[in-house]
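As written, the chain order gives the labels A, B, C and D, with residue 1 at the start of each chain.
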């Protein structure tokens, strides 16, 4: 049974460790905040200029001067701080952010990532993604294993314009958890009820399967 | 009659125009603040992190957290701001400071300046001087025309390690006001009672004297 | 104290000409110079290049200039919220340079700081680095990026004083402080303009030396792009 | 909230070893990390390289480390106030690298920001530029400078909270914010440590992400180097 987007977020939340500063991209990554254990201390950074981002505000308490990078109204937790864009990217480029979770259109087996542009069609821009992937030591990609047309998003080589090179270390999809190393996707975990065969079929790039592959625990 | 240090400062004060942000070096330049006309608006920047620097505090009101670049206790005027060293030098390097007044040991006729080091002897460091002279469009050097041994400080070429190259535009000494251009010192004004001959004698570099040289007005 | 106040947005925008390069603060619709944008529409300046993280929405922010075809070129990091933008870009009516958000911020700060060029890892190995110098430092690859050059910077602050000192609010701060002093003339509009001496010098985000003109803006709409809430328990 | 508090200076200085590179905030004697300096003397760490704008005076600030010959190398912009310093430098007992003050600040900020190198006009044509790459941009010459690499940064703030957020006071701010996050471990000492939530997020000068350890300092002397006053009228 392939995972829902919420379940992908739930699985990724287990990668968030005590004391981590975390930057969450738009889409599935945003959902991760809902599943982080509440016995650990984590702070969320949003690159438009807040550290210590809290949940959405109560109805009627929205503040146009308090949004996240997805332009959603948010709140600030005790210990939060506001800052300008240059200092925000000092946090990112300077590797002060411990974990970056972002979505993607394609990932290649060498860790290349493409998630910002479909030439002649979708050209929204890279936002902070290029800074994030070029800087972070610890990047997790959250995405569906295949696109709407059923084609694999885990490729030998990216076909779309790149966002960054050789930077993705881990991928969590609706089917599997994979590590990217030695120019291959290494299968770490299967979604409950999903077979290794199904994952192989949905993966265009080289898939390395070593020993028994456990089912994810959510 | 050669000028006193106060009179040099008094003459330089006339170069300070309405709306100028001014950085004053240690020594004679610091005195300039006392002579600026009070019908014009000027703000003094000190590179350790204050804009809108005021006079010394009243006795008993000294604050160790409020000093200038000369480490003297100061005050902040209404409209002042405090900032970090990086932003302070953004003001300087980014040419937001309109006028820099600093002392020197030597100035060459091509505008080179040497004021931070006497090898093997005096090695205090350049502080912010190299940033200031490399950045400012408008630099006035305030110094005595000759050193204690009587040797000229206005030279064909600097003998001491340089602080900056081809940057000095104007010099005010105890004897004269001079412009530096076309690889020569151009005499603009004489100190009251000082002859062109006396200035020539005290100037090792090429001195250009065009027409009648007026006496300074203080 | 050097007084930077001008009486209104018309005076603040004096000297704006066709084909100039303009910087505009804001992230999404938060912290954008609403008054200046309306004035640019009214002045109907043509063929401007805009440096701004986003391009507004169809009927607000920079979308207002887009609609009137006043923009020749946009330099942004993310323009996803604007259909007219996408149309003009894909049709070639408007030139678009998309650059990483951190690089955008740093190119502003470099201009503010008299740093002509710097190295960043962002965009290495991508089309963003095409035609640019790349270099290895300590085993990692970087791209050399240049400081922006702009004629006017328009920023929006929460509070300001006559000396041009600015204080921003919440995440409406974003690119605004980094654009101050990054253009030949910086125009700041504020929600509240106070006499010099009323702001604590320790709490000022941007000193007045980086601002040439300041005025109190009017009729701020402060539109919210994505109103997300949770129910009161 | 990620709690950065440690109980005292001993805990804050854990991991310091001989031959490390240390950054120390402060300008003259203003805003120096007094507690950390005393602890470095007590720990008697040897052969350290210190990056600090100044070197203290003979019996205070970094002068205390100098006196005990703990410093192998100083990287500073101005060291004029210290006779023992001058003696050790001229005799060759201590290595000294003098660099422009703005370059010092920017090399800290570059380290904080993940910018490995940048160009500055400061020092072009002088001995400071010897052995460094120089380059022309728009008709002006610049020197390429590198980000610092340091093991510990010691900074002093006025107020701080458990999350490591810092607020500085007056001109005691100086290099302190630029050194936060510019070393592997940043240790902040503050005059007043408050619970998270007590500082206005809008007034924080340096967010806690740049600080690894924070503690409330004791017995601040805050010595004045040049007491200059005017008579009361």
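The criterion applied here is as follows: a residue touches a chain if its C-beta (ideal position, glycine included) is under 8 Å from a C-beta of that chain, and two chains touch if they have at least 3 such contacts.
The model shown is predicted, which means the values in this text are computed figures rather than measured ones.
Colleague: Following contacts chain by chain, what is the lowest number of steps it takes to reach chain C starting at chain A?
Modeller: Graph distance in the chain contact network comes out at 1.
Colleague: Taking each chain's centre as the mean of its Cα atoms, which chain lies farthest from chain C?
Modeller: The most distant chain relative to chain C turns out to be B.
Colleague: Could you let me know which interface, B-D or A-D, is made of more C-beta pairs in contact?
Modeller: Result: the pair with more contacts is B-D.
Colleague: Please tell me the distance, in whole Å, between the geometric centres of chain A and chain B computed from their C-alpha atoms.
Modeller: Each chain reduced to its C-alpha mean, chain A and chain B end up 56 Å apart.
Colleague: How many Å are there between the centre of chain C and the centre of chain D, using C-alpha atoms for each centre?
Modeller: Centres of chain C and chain D (C-alpha means) sit 32 Å apart.
Colleague: Just how far, in Å, is the C-alpha centre of chain D from the one of chain A?
Modeller: Taking the mean C-alpha position of each chain, the two centres sit 36 Å apart.
Colleague: Could you tell me the distance, in whole angstrom, between the mean C-alpha positions of chain B and chain D?
Modeller: Distance between chain centres: 28 Å.
Colleague: Taking each residue of chain A in turn, which ones touch at least two of the other chains?
Modeller: Residue numbers touching two or more other chains: 50, 76, 82-83, 86, 89, 92-93, 135.
Colleague: Can you list every residue of chain D that touches 2 or more other chains, as numbers and ranges?
Modeller: As it turns out, chain D has residues touching two or more other chains at 106, 109, 113-115, 120-121, 168-170, 201-202.
Colleague: Going by the touch rule stated at the top, which chains touch which?
Modeller: A-C, A-D, B-C, B-D, C-D
Colleague: Touching chain B in the complex: which residues of chain C?
Modeller: 1-3, 109, 111-115, 161-163, 165, 181, 195-197, 201-202, 204, 207-210
Colleague: Considering the complex alone, what residue numbers of chain C touch chain A?
Modeller: 27-31, 53, 76-81, 86, 89-90, 96, 98-106, 108-109, 120-128, 158, 168-178, 205, 222-232
Colleague: Any idea which chain A residues touch chain C in the complex?
Modeller: Residues of chain A touching chain C: 46-50, 55-74, 76, 82-86, 88-89, 92-93, 112, 116-117, 120, 123-131, 134-135, 161-166.
Colleague: Touching residues of chain B toward chain C in the complex: what are they?
Modeller: Touch list, chain B to chain C: 19, 21, 41-43, 45, 50-52, 76-83, 86-87, 89-97, 135.
Colleague: For chain C, which residues count as touching chain D in their complex?
Modeller: My answer: residues 106, 110, 113-121, 137-138, 140, 142, 146, 167-170, 201-203.
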